[in-house]
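What follows is a single structure, written as structure tokens, with notes after it.
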Amino acid sequence: MGSLKIENIKKSFGSVDVLKGIDLDVTDGEFVVFVGPSGCGKSTLLRIIAGLEDSTSGKVLIDGDNVGNVPPAKRGIAMVFQTYALYPHLTVKNNMSLGLKQAGEPADEIARRVGIASSMLSLEPYLERRPAELSGGQRQRVAIGRAVVREPKLFLFDEPLSNLDAALRVNTRLEIAQLHRRLAATMIYVTHDQVEAMTLADKIVVLNNGQIEQVGAPMELYNSPANEFVAGFIGSPKMNFIDGGRLGEAAKTIGVRPEHITVDRNAGTWKGTVIHAEHLGADTNLYIDTEKAGLLTVRIFGVYDAEPGAAIYATPDPARTYRFGADGRVIR
Amino acid sequence: MGSLKIENIKKSFGSVDVLKGIDLDVTDGEFVVFVGPSGCGKSTLLRIIAGLEDSTSGKVLIDGDNVGNVPPAKRGIAMVFQTYALYPHLTVKNNMSLGLKQAGEPADEIARRVGIASSMLSLEPYLERRPAELSGGQRQRVAIGRAVVREPKLFLFDEPLSNLDAALRVNTRLEIAQLHRRLAATMIYVTHDQVEAMTLADKIVVLNNGQIEQVGAPMELYNSPANEFVAGFIGSPKMNFIDGGRLGEAAKTIGVRPEHITVDRNAGTWKGTVIHAEHLGADTNLYIDTEKAGLLTVRIFGVYDAEPGAAIYATPDPARTYRFGADGRVIR
Amino acid sequence: MSTATSSLPRTIAAHAVLLAYTAIALFPVVVIVVNSFKSRNAIFRSPLSPPTTETFDLIGYTTVLRQGDFFLYFQNSFIVTVMSLFLVLLFGAMASFALSEYRFRGNSLMGLYLALGIMIPIRLGTVAILQLMVASGLVNTLTALILVYTAQGLPLAVFILSEFMKQVSDDLKNAGRIDGLSEYRIFFRLVLPLVRPAMATVAVFTMIPIWNDLWFPLILAPSEATKTVTLGAQLFIGQYVTNWNAVLAALSLAILPVLILYLIFSRQLIRGITSGAVK
Amino acid sequence: QDKTITIESWRNDDLAIWQEKLIPAFEAKNPGIKVVFAPSAPTEYNAALNAKLDAGSAGDLITCRPFDASLELYNKGHLANLADLPGMENFSDVAKSAWTTDDGSADFCVPMASVIHGFIYNADAFQQLGIAVPATEAEFFAALDKIKADGTYIPLAMGTKDLWEAATMGYQNIGPNYWKGEEGRLALIKGEQKLTDPAWVEPFATLAKWKDYLGDGFEAQSYPDSQNLFTLGRAAIYPAGSWEISVFNTQAQFKMGAFPPPVKNAGDECYISDHNDIAIGLNPKSPNADAAKTFLSWVASPEFATIYANALPGFFSLSSTPVKMEDPLAQEFVSWRDKCKSTIRSTYQILSRSTPNLENETWVKSANVINGTETPEAAAKVLQDGLDSWYKPAK
Amino acid sequence: MAESTEIRRPMRWHIAVFLAPAVLVYTAVMIVPLFGTLQLSLFSAEGQTRVFAGLDNFRTLFFDPRWAASFWNALWNNTWFFIIHMLVQNPIGVVLAALLSSPRLHFSAFYRTAIFIPTILSFVIVGFAWKLILSPLWGVAPNLLDLVGLKSLFTPWLGKEEYALTTLGLISVWQFVGIPMMLIYAALLSIPDEVIEAAECDGITGMAQFWKIKLPLILPSIGIISILTFVGNFNAFDLIYSAQGALAGPNFSTDILGTFLYRTFFGFQLQIGDPYMGSTIASMMFFIILAGVCLYLFAVQTRLRRYQF
């Protein structure tokens, strides 16, 4: 109930190949997060799973059945659209309850579920408003609410929290995780937020340019990225890539994450000057121009005061450096 | 050229008071970031500044002139809409160049600016597409592009990067910062992203429920929040709030940021058990249930392995704890 | 949108243009209404002057009310118009939804087929239609009129509505599909409310020729019990003399119900229902 | 049980007369028969009637237009042969001529009335300007000149906008004096005369002279305009059909008189257009044929003739029995029957059976001639050519 | 988004359900009777019987000089009638709709209703009112012109061959301007406010906003009103009939296909209706309109871009 298998899905819009052969297995109850650069095909893949878009070739199997000819309504899914796609003429409450009414749920059950969803999303004050009278974040929450009240076996979320503030985002994230546990539903979740991806996912799928770069558990991707792309994509600020030749290494590229570099004013591996310091409060990002390794980003916990122009030494954690070959693959 | 003064702006939609008297001074060339919970009135304020919405009362002055009756087109602004509001019938290129053409810019100047903007936003491959053929993030970038090509004195950005992936977001953020320097333009920027707020802003305005809670430089807000709301809103994961009475303190509430608590398996101020550990890669969030202080979030740099249920001691940095009175104000 | 977006000179210019055109539009109507309150001599002696105590004359209205059962005629017209309108809108919207939403073999041919009706004046089919009604025993019933007007109104309705239905966001309909709505529900609950302005427009366009039609009431339902207002008013148009007082009075009265219907429908033309649906 | 018979008619104008006078008179004598008079607007009548007859939903009694329109209905079987109807003997052959087959074998409508053309004048105006009633063309134009010179009145109330006014009140009104009534008309049918002959062109030439005496902008003056112009007292002479009498009686507030079309020279034989106009026939599909026939016999009776002619002064009975009329103007018109020779409109019988339709063409051409956009000769030639294109008189 | 997604499913009964009521009523009450009539164009009468005549009727229509002259005259007049509507009615309608749709315009409902009222009127009233106004006798038009010192411009327009058709065209424009106005107004309403707001910020205001933003977005509706105008005009009849009579005077100068057809089909005065030639003309009208509609449906409509909001 809720397992999903995707076999060699391809999709072109005219001459543009958007998906170039995607294979994926999602077991029942799994939480899968899709990440990837803007325009890599995440939404398209979601829409194909939902049955809103025909794939050019390939199969989608839900619970082992090829759903090629099953209309979206019969696939047992709920979806949060990136564009929200709220019903503009219905109130927030009706936006959420329309699907349930259609399914013939009893009125009190509808009221109960809408109540839960709207309190989970802090939407209570707005239940009688129409979408046009809501703020961006409120609309997004309605879109989420409309999906969650249905309690299906398969959820498709397309960047559901992008317009929410940090506090709400953390809350909603937790609620979604809880929902996942409670319903034991399978969830496919697209996000650009590293924290969401890392905290929610059982499995992260990194997409790039219509192809899957790597699939794995969050820390697996962080710790052992398969290639330069994944290494750079997971983690923010992104990994420093240093020309291998410059460091006298055999590998084409050497990668070190900003958090795996330590700095010292007096001694260290690479000497450089501070270019810019970004103070984020809890941590500080230092941009350092080193003689040997070029421009580096270093992430420091806490507040670190550094004047631009000051001399500084940066030392990478040797246990945490990655080596990439000419083809971008990691060399172990 | 580009200074902005807002005097006691109020706005109601029917019986709903959305803005309850906003006063703000923005000097020429400043970069001001608006943050606040979803639905607090950020977009509304932006729209009032742009002249798209009438305020119920109050004045907006641009360069010292009351612009109450000046149409948006004459206010010398550019705006990125939260909903993008692209022209559906125009290609990406024409979406960006229409305003310039209207202003009578010479063709080569238009081409130059569109070229710069589209390379800055990695939009080159899509210049001839229409909005309907773009992904969510691509649309958002077009919306940014349309604003930046105009090079006005006052930019209004409404969550411009919310749908971009981390890498692109960092890039675009840097480009916007550069643009700000190059044009010496005033920028008003709404975001939910703490990193953006902290790195871009000269001044952050924290809005809540239609009112300004605090205005200040980023680190000022981080280090000396005026009240509980600001303290909780700035920083993620948010500050731990502990009932003062429980700790035997005079203050109503005691606040400690997750990054200002250290943990140790053997000794420390508060004893507790690990409830859940979130591994984000570069850091780890620990959720600890302490006997004395209740549920705490602790942020640890790097990877920290902790089994749920394990006993642990948490120690707050006494120099970094905040005391709040019954009215929520900070007690110094 | 804000007041600042409407500049004063432009607003004045807009009002000037609209007022000027309103004057042009209303002048002949005023002439008619004013004259319907005047005696025949006064109408032709000075058609422009308002009725004075001397020329004020309700003869037109009294003639109308005396001759024939005009209240019944009004009721008939009203029933026929509203029922036909309802059917045209319902069937027309359903057909246009099918044409604009689904791609199926013969889609555009079906579109063309449904448009054929606007290319030939339906009056040419009178004899066959009348035979059909005689055969089915519908002569001198309002049903006959309703059927004919429904058929007559459909092509235009389909033509206009399918264009507007193409504008309804696919994401929205898809959201409905994912919500488990059947195609019928999507049509009734989502699409219909969103094309309300177009429905109102079609309603108005459809209603006018029905209300004003003289031919089919004359042919299909001329009996006293089924007469419509327009047909009733024809009574005053004679071979050599036309009782202009009565014609003007009857037709001035006949404007009112259509005007009311128009006002009802035009309430559907309200800005901004659709915005905010999608990002 | 009562039988209800329905009359189809184009005479909206007569509704009151039927409801108030004719039907009660009939029903009083024939209990058990109810009559409904169901007129439609004259412009729609032919088309609507044909459709209803074709589909079988028409009324029991059909009001008959003269000549071919009804003949066509008879040929299609939509009118019954009434030759044997009791009462038909009350009509002369001339009276029945408009509703008889070409070979005279069948009569399919009971004649009701004819109309006579002439001129109605504002007697007050004539008196005021000292004008005597004209008898010759010269006098007629002299009178017109005098009225025009005076300027108080528009000399002639006629417009060309509605076309038929020009043809019917103009050409057919004054024409018989030129083509000598029936003589010319029959010669035309036989092919012995042509429309391009002087007798047929001259009336056009005379009409062309009317132009100067018409009101300003007569090109856009419609028939009701003309009526109003005259009855409001703004015009002196009105080229009329006798049907105007009843209207003018109620509308005009001055004394009126009438004179027949002036002759060319004093003492010439005069001709008037005394045109069979309206009759009534039986729908053979009528389920109440007996009741309908009873009614038709009554229509053929002198009783009907008297009521009808008096209720509608200007519609003159076609019955052989003389009818006594009250209206002085109507008496004046009908008195011309004794002085002058009667004829019917030249274009009605046979000559308008096909396309181009001579009657309709005559409307257009008469208007053109008066408007001055076409010469009388050219107009006549077009008419004759049109006729030649389909009409081959049996020589 | 611009194109509807195709979702293939085994048997989509709902399509049939959606189409059935309309197709049934329309076919039974409209198409069958109409085509029953149109096929008469292939027959002619011989005495009281109907005989198959092939294309003879069309031959008559085109090669008999009288029929051909009438036909071409009507066709040309009709074309001119259509041109007037395209050049006057539709632009005015669009301008009015554009003005009315500007947000915050006061009294816009009043204007909209007032301007639409003529469209509600029956032809009888319209004919009467304008004949009265333009009448040289009763002085409305001359007096009005006199007020502005232009009395010398007055002529009996409806009675002059050279002006009558144009005058009627303008009367028809007056009557029907409400239709393009309403349609365009409805189309303008569906443009999201935000797009317009973006244009305001971009400095695209007033006329430029109309040309560059609104017009492209309502182009499909403009297409619709053009084709509706075409269809409506080539089917027009009532106004001419009620103002000028079936003979479309003066001298057939206002004769359009509709009046020509009615006169022929139903007959007029002494002219007896000729269903055979009548349906021949109707067939020609049908072909002309069909050609126009096909051109629109298959060449124009498919090329117009539609945007979903």
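First chain written, first letter: the chains are A, B, C, D and E, and each begins at residue 1.
The criterion applied here is as follows: a contact is a pair of C-beta atoms (placed from the backbone, for glycine too) under 8 Å apart; a residue touches a chain by one contact, two chains touch by 3 or more.
Computed from a predicted model, the values in this text were never measured in an experiment.
Visitor: Please report the minimal path length, in steps, between chain B and chain D on the chain touch graph.
Guide: Graph distance in the chain contact network comes out at 2.
Visitor: Where the contacts of chain A and chain E overlap, which chains show up?
Guide: B, C
Visitor: What's the chain with its C-alpha centre farthest out from chain B?
Guide: Computed centres place D farthest from chain B.
Visitor: For which pair of chains is the number of C-beta contacts greatest?
Guide: Top of the contact-pair ranking: C-E.
Visitor: State the chain with the largest centre-to-centre distance from chain A, centres being mean CA positions.
Guide: Taking each chain's C-alpha mean as its centre, the farthest from chain A is D.
Visitor: List the centre-to-centre spacing of chain D and chain E in whole Å, with centres computed as mean CA coordinates.
Guide: 38
Visitor: Roughly how far is chain B from chain E, going centre to centre by Cα mean, in whole Å?
Guide: Roughly 56 Å separates the two chain centres.
Visitor: Could you state the distance in Å from the CA-based centre of chain C to that of chain D?
Guide: 40
Visitor: Just give me the whole-number Å value for how far the CA centre of chain B lies from that of chain C.
Guide: Distance between chain centres, rounded to whole Å: 53 Å.
Visitor: Can you pull out the residues of chain E that are in contact with at least two other chains?
Guide: Expected reply: 1, 5-6, 137-138, 192, 194, 197, 200, 205, 307-309.
Visitor: Listing for chain A: what residues touch at least two other chains?
Guide: 51-52, 71-72, 82-83, 133-134, 136
Visitor: Scan chain C for residues touching two or more other chains and write them down.
Guide: As it turns out, chain C has residues touching two or more other chains at 1, 3, 5-6, 44, 126-127, 169, 171, 174, 182, 214, 237, 244, 272, 274-279.
Visitor: In the complex formed with chain B, which residues of chain A make contact?
Guide: Going by the criterion above, the answer is residues 13, 35-39, 42-44, 82-83, 133-138, 141, 158-159, 162-170, 192-195, 198-199, 218-219, 222, 232-238, 257-259, 278-283, 285, 299, 301-303.
Visitor: Help me check something: in the complex, which residues belonging to chain D touch chain C?
Guide: Residue positions touching the partner: 10-13, 15, 38-42, 44, 48, 51-52, 54-57, 223-225, 227-228, 232, 241, 243-244, 247, 251.
Visitor: In the complex of these two chains, what residues of chain D are touching chain E?
Guide: Interface residues on the chain D side: 43, 46-47, 50, 67-69, 72, 75-76, 159-164, 215-222, 225, 228-229, 347-348, 352-353, 355-360, 363-364, 367-368, 371, 373-374, 386, 389.
Visitor: So in the complex, which bits of chain B are touching chain E?
Guide: Residue list for chain B touching chain E: 47, 50-52, 71-73, 77-79, 81, 83, 85-90, 98-99, 102-103, 130, 132-133, 146, 150.
Visitor: Which residues of chain E touch chain D in their complex?
Guide: Touch residues, chain E against chain D: 48, 66-67, 131, 134-138, 154-161, 241, 244-247, 249-252, 264, 266-274, 277.
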